[in-house]
Amino acid sequence: MSRFYNRSSGKIGLPPGTMVHIGDTKTGQTTISLIDYDKDGLKETPVENIADVFPLKDEPTVTWINIDGIHDIHLMERIGQHFNIHPLTLEDIVNTGQRPKIEEFDDYLFIVCKMLTYDQEAGKVKSEQLSLVLGDTFLISFQEMAGDIFNPVRERIRKAKGRVRSMGVDYLCYTLIDAVVDHYFLILEQFGEAIETLEEVIVDKPDPDTISELHHMKREMIFLRKQIWPLRDVLGRMTKNDISQITDKTNIYLRDVHDHAIQIIDTIESMRDLLAGMLDIYLSTQSNHMNEVMKVLTIIATLFIPLSFVAGVYGMNFKFMPELDWRWGYLMFWGIIGFMVLGMFVYFRRKKWF
Amino acid sequence: MSRFYNRSSGKIGLPPGTMVHIGDTKTGQTTISLIDYDKDGLKETPVENIADVFPLKDEPTVTWINIDGIHDIHLMERIGQHFNIHPLTLEDIVNTGQRPKIEEFDDYLFIVCKMLTYDQEAGKVKSEQLSLVLGDTFLISFQEMAGDIFNPVRERIRKAKGRVRSMGVDYLCYTLIDAVVDHYFLILEQFGEAIETLEEVIVDKPDPDTISELHHMKREMIFLRKQIWPLRDVLGRMTKNDISQITDKTNIYLRDVHDHAIQIIDTIESMRDLLAGMLDIYLSTQSNHMNEVMKVLTIIATLFIPLSFVAGVYGMNFKFMPELDWRWGYLMFWGIIGFMVLGMFVYFRRKKWF
Amino acid sequence: MSRFYNRSSGKIGLPPGTMVHIGDTKTGQTTISLIDYDKDGLKETPVENIADVFPLKDEPTVTWINIDGIHDIHLMERIGQHFNIHPLTLEDIVNTGQRPKIEEFDDYLFIVCKMLTYDQEAGKVKSEQLSLVLGDTFLISFQEMAGDIFNPVRERIRKAKGRVRSMGVDYLCYTLIDAVVDHYFLILEQFGEAIETLEEVIVDKPDPDTISELHHMKREMIFLRKQIWPLRDVLGRMTKNDISQITDKTNIYLRDVHDHAIQIIDTIESMRDLLAGMLDIYLSTQSNHMNEVMKVLTIIATLFIPLSFVAGVYGMNFKFMPELDWRWGYLMFWGIIGFMVLGMFVYFRRKKWF
Amino acid sequence: MSRFYNRSSGKIGLPPGTMVHIGDTKTGQTTISLIDYDKDGLKETPVENIADVFPLKDEPTVTWINIDGIHDIHLMERIGQHFNIHPLTLEDIVNTGQRPKIEEFDDYLFIVCKMLTYDQEAGKVKSEQLSLVLGDTFLISFQEMAGDIFNPVRERIRKAKGRVRSMGVDYLCYTLIDAVVDHYFLILEQFGEAIETLEEVIVDKPDPDTISELHHMKREMIFLRKQIWPLRDVLGRMTKNDISQITDKTNIYLRDVHDHAIQIIDTIESMRDLLAGMLDIYLSTQSNHMNEVMKVLTIIATLFIPLSFVAGVYGMNFKFMPELDWRWGYLMFWGIIGFMVLGMFVYFRRKKWF
Amino acid sequence: MSRFYNRSSGKIGLPPGTMVHIGDTKTGQTTISLIDYDKDGLKETPVENIADVFPLKDEPTVTWINIDGIHDIHLMERIGQHFNIHPLTLEDIVNTGQRPKIEEFDDYLFIVCKMLTYDQEAGKVKSEQLSLVLGDTFLISFQEMAGDIFNPVRERIRKAKGRVRSMGVDYLCYTLIDAVVDHYFLILEQFGEAIETLEEVIVDKPDPDTISELHHMKREMIFLRKQIWPLRDVLGRMTKNDISQITDKTNIYLRDVHDHAIQIIDTIESMRDLLAGMLDIYLSTQSNHMNEVMKVLTIIATLFIPLSFVAGVYGMNFKFMPELDWRWGYLMFWGIIGFMVLGMFVYFRRKKWF
């Protein structure tokens, strides 16, 4: 549940722009890595002291500073000062409850999006905040913890595979967002399979747990949608041709990832519709089942209660009961019983109860 | 289920513009066919080597290259190079999970739409991606497999029937989209009949399978809508008078097919409403049935349980039970029984239970 | 059901602009009538040969050609040629599955709307397509069959009642649409009464048929909405001041009929809301009824089953059962029974079961 | 029900602009009253002959003509002629089925809104149409019957209380609309109390009538919404700064009443949400109740039916039944019974059934 | 319930701009406090006489006048006169039923928003109206009662912490709104926890009270939404760059709080979705429970009613019943019983009833 709201209550009363790390500390240590490249060359180093990267800020090469771990407020402040990042931006970076958004500042573009992973065991979508600060020649990416999602990008830069080395920092930014969005497709696939499994269970042999699983899935869907929905608008905004940090050449790629975001949201909506339909099946299956149980009860009771009455009658101890003394009384009794059973049978048949 | 999402997970980590065929390989071999015509002449040949068609690119005649089978990445690359197609477009052509869309590039217009067929036996809508690359004098159409949907168009071109020979390549493009959209009407008709059949079943003699059939139909409807909905916007975009590849003369025809797309979506919405209403009937029919079963049980039980008690009383073995010794005891018993039955009968009548 | 979709499958593969009559042939013969008038004079004749009306096309008088029956393709073609009507327009006129729409062509305005009638016996809304081709001095109206809906308009023209004779052909066009829309109010009234009747039935004495009647009504509502909804936009478009065929003076009248269309859609939405609410009542009434039945069963069973047990106990044949030999054993039995009945009575009272 | 639609069927076939009074004639006689004022003076007279007010039309003073009763078509025509009112406007004034709207004519502004009253006994919202014709120096208000809603306004004019005497006729028009909208708040309060009462009933002791009361309330809500919703747009239109009859000074006041209309619609939406939630409670309360009834039945039946069987066994008349002859047979029987009751008790406890 | 509508009925008939205090009088005495500061100095005094603050109006320093308690109409009038506040604004300040809004006047900006607190014991959201009048150098804030929500802001001003002392009165205004919005996060957290608790109860051991708690929560959600939703538009309006009272420097901060408002509404929507899903679980859990109860009843009744019949048969007193005299009759009886029980067992197993 707490994934759904922003635990910002600890910040109440603090002046705006105060950095307070909100979110789980997902990594013990903050790691900084640097890749600096252009068409002709590449420099890649782990960074011990953040001050080492400052001189690269104004160089024409593409500078990508990746920071894993955002709880070190002091470090953030130093980066903020040097790269001229607005305190509100810094505040948003360390407060992981942001919704995906894009904000234009004089010197840079600030983008927040969510890296999602699906923990199949717990059946939970986990969300990690990715903040991107895109300057004219540098890109700073902030992750909550080290992940392998950007490794293929790094590999491509190293091996100068694809277009990445020959294009600017805006293309790098696109590449990272593309990696994030591509990962969403993976999650949708996992969800799709889980829905399919659940659908089979519901049609074949639903049990009381099925409904809570269904609810669980719906909740994850609500969460997923909440995380991804705003990204569509963020990317829509980026593809408008008026952001100085983004070149026309990159725009065509952003249009493509925008399209992917729409596709994903489409699929989420379809899945929500399917889940809603599954609840209907579940309920009507239950109701069917109830009907069947009731029919069995009714058939048995309707059949035997009258018979029991007849047997009861001839179990009475009245002095004067002529039938009891009849020679064929007992046989007559079975005759009555047989007749009643037959009548019931015809009645039930006509009602199509079996 | 897998129709609902894009199995793109195999592509994660690859640079954008990398062509990976995603989707079922629906045909073993890639077939290329060429129709090149203008008002005065027509040339139609199957193409062995794709290089044969390259010279036609810059001729003023209308050149229609149709490619059935999109899994041959190498072929795609060659076409892409020669016709100057952007890598992202090529990527979208071979990845069949696209939603219908239109993208304007400098040299061409890229349109994706879905050819749908309804497999009546499986009760499933099948979707095949049609990608169109519309240049100034050429049109390349990519289908997942060979189909007969475009045969009437070919026939018309051959016989110079209708307007097609006297108009440009944009009109040809319209004709293909029109053929696709016309086919949707056929699917709606099949759906309409299936809904009608289901409606009769639900009103007359619903059984537990009905609900899963209903669910099934809803799912197909969600799928259908997902495939067609975006096409409306695609066509809406095309009828705006500012795309250089589309002439005013063709525009009037596009407006017509746009109108058809709206009609189809309208009908899908109506069908969804009808299906939702059918669930309500089903549930209330079930509930009615339950009521009836319960009434039978209640009438029988309410009638005979008290009678059985009375019979039970006179089956007791108390030494001193004056009624047992009475001359008319047994008759009195039947009198009590008759009286009780009559009372119940009056009671049930008043409650309007039968 | 077939009213909901366009049976266009017969047209698949034909070139656009091919006229194929789609819809029921509602009249055996095509009838053409002509009214030609201006402020000062009136000429009204039935038309044997369509060619007779052609000369009137370019005269400044208002020429109204009404055609009942649209299945005569050859006639349509001749009209089309002479009045310079686009093939797509002709195609739409003979294909009765159009949704209401407006299309601007160079020489004329093409308007499609639906004339609806409510067949109270079958409880079905019937739809007939009215196509209007509005030129600068002529108006051609195409109906599927002869109807009396336009008779009052004809009467007004003949008697020069109201404004109609002193205004142009656009006003005549407005008058026809107004007649159509006025007729919708009549249908809404009939629906309103049917809903009221149904509401009373549901509250007072619902039976299993009620729900299918409710569903039926919902379906007609969906159909009605589908037929009328687009007309609002058509009329909204017509009141924009930029269509050359429509003068400012007529515009004020179109604004009025636009207003009526909005009113009608408002009412349809309200009726849909009411019908949705009625399903809720029905279901909860059913559930109430079930509750009542169950209570009767429970009271009777809970009362008599324990009593029967007690009677059963004293019907046992154990050699040694002291109570059986007691002088007041039988009386004691009735005492126990009375005590139990009293206890149950108190219990049920406290539970407020009766 | 008939409140929901416009009984305009009597008008079918009449030329537009034909005045036919539609609605209940709510007052026998038409009363005309006149207030004519400016900053310095006030003249207030009942009007016998409508011709008496005509000279005031062109005077610079504010002239307010109020007409109670709209069924006198002849009177309407005279007013129409003198004040230059368009026939369509006159038609709308006497046809009380209009939805709130604003229409701009060359000489005047025509506004329709609804005066609502809540008849608490019948639990019905009653609607009366108020039509306002706002000229440059005059305002004509048409009501279906005399009401006291405008008395406070008259009082303010007489006593020169507030701003009204020093401002123009547009401010007077605002004042009347404000009086109407203020009255809506009163209705919402009455509804709010009724909802609160119903909510308590539903939670505490719902009975079958509750649901029809709930339905009734929903219907009134739908009606209320239908009457008020369009007013928001009417007022929104009036606050746009481009209507010649409305001065900037009055605009600020219209903004305020626009704000009130939004507030009211907000509240209606909230109330609809609450009513929807109450149906859910009702249904689940019913279902709870059913559960409870079923549990009682099940406990009793499950307890006593097996016991009855045991008693039945020992009531059998087999010659050879050793238990019957045992000394402690009867005691043993009670032992079995006690054991079974205990077992059932433990079972039910574990199931948490009581 | 009364929180949902505006108890304005007391005002009906009064001229617009008449101040009538509507709402609970939440504080006995009106308290005025003043903080006047600029970069260099600070003056903070409680104010006895409102006239003391009037001279500060035109000074260039930032003047913040906070008024706790709004029922003193006379005081309001004096403030209104001196600060040139429009009567409609004053009316809105003392009428606490406003929805959040922004209104631009010539001399000032008027903002209404809601300070919400969650009374955890009563489970109710309480709303207090905050009205802000933002002039060029002064800000007047009106609260219904003294609260501690602005204390941190005061502290920051006193200690010159953060940016507040070096920026203008618009930044102060932002700071107050930010404090209000930050508080909303706290309420969402409390709601989130309550929802989580309720969810566990529903899944584990729902009882009849659960549903009314769920309803209660939904109602609070509707209320919350109604209070917060319009604020989004208010803030959206403020971030448009065209309000003279708001500088570009502050705008960036308003964008941030606008973002927070969107986040909050997002979360409310998600919570509403979750609550809707919880009702579904509750109902299906209930239905499951019913099914289980019915199964127990059916198993027991189906098992023992036939057995009882058999026992009844051999309890009959027919003279001639051969079985009764058989040596092994009694044993045979138990044989039949055993056989029947076994049959039932197999039948239930196959139906998977236990």
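Brief remarks follow.
A, B, C, D and E label the chains in the order they appear, each numbered from 1.
Operating definition for what follows: a contact is a pair of C-beta atoms (placed from the backbone, for glycine too) under 8 Å apart; a residue touches a chain by one contact, two chains touch by 3 or more.
Model, not experiment: these values are computed from the prediction.
Of all residue numbers that take part in the contact between subunit B and subunit C, under half occur on both sides, making this a different-residue interface. For the pair subunit C and subunit D, the distance between C-alpha centroids works out to 26 Å. Subunit C and subunit E have CA centres that are 41 Å apart. In subunit D, the residues touching two or more other chains are 283, 287, 290, 294, 297, 301, 305, 308, 312, 315-317, 321. Order of chains round the ring, from subunit A towards subunit E, by the touch criterion defined above: A, E, D, C, B.
Listing the residues of subunit A that touch subunit B in their complex gives 151-153, 156, 161-164, 174-175, 178-179, 182-183, 185-186, 188-189, 191-193, 195-196, 199, 203, 252-253, 255-256, 259, 262-263, 266-267, 270-271, 273-274, 277-278, 280-281, 283-285, 287-288, 290-291, 294-295, 297-298, 301-302, 305-306, 308-309, 312-313, 315-321, 352-353.
Within the complex, the subunit B residues that touch subunit A are 1-2, 4-9, 11-18, 86, 88, 92, 97-99, 101, 103, 105, 205, 208, 211-212, 215, 218-219, 222-223, 226, 230, 279, 282-283, 286-287, 289-290, 293-294, 296-297, 300-301, 304-305, 307-308, 311-312, 314-317, 321, 323-330, 333.
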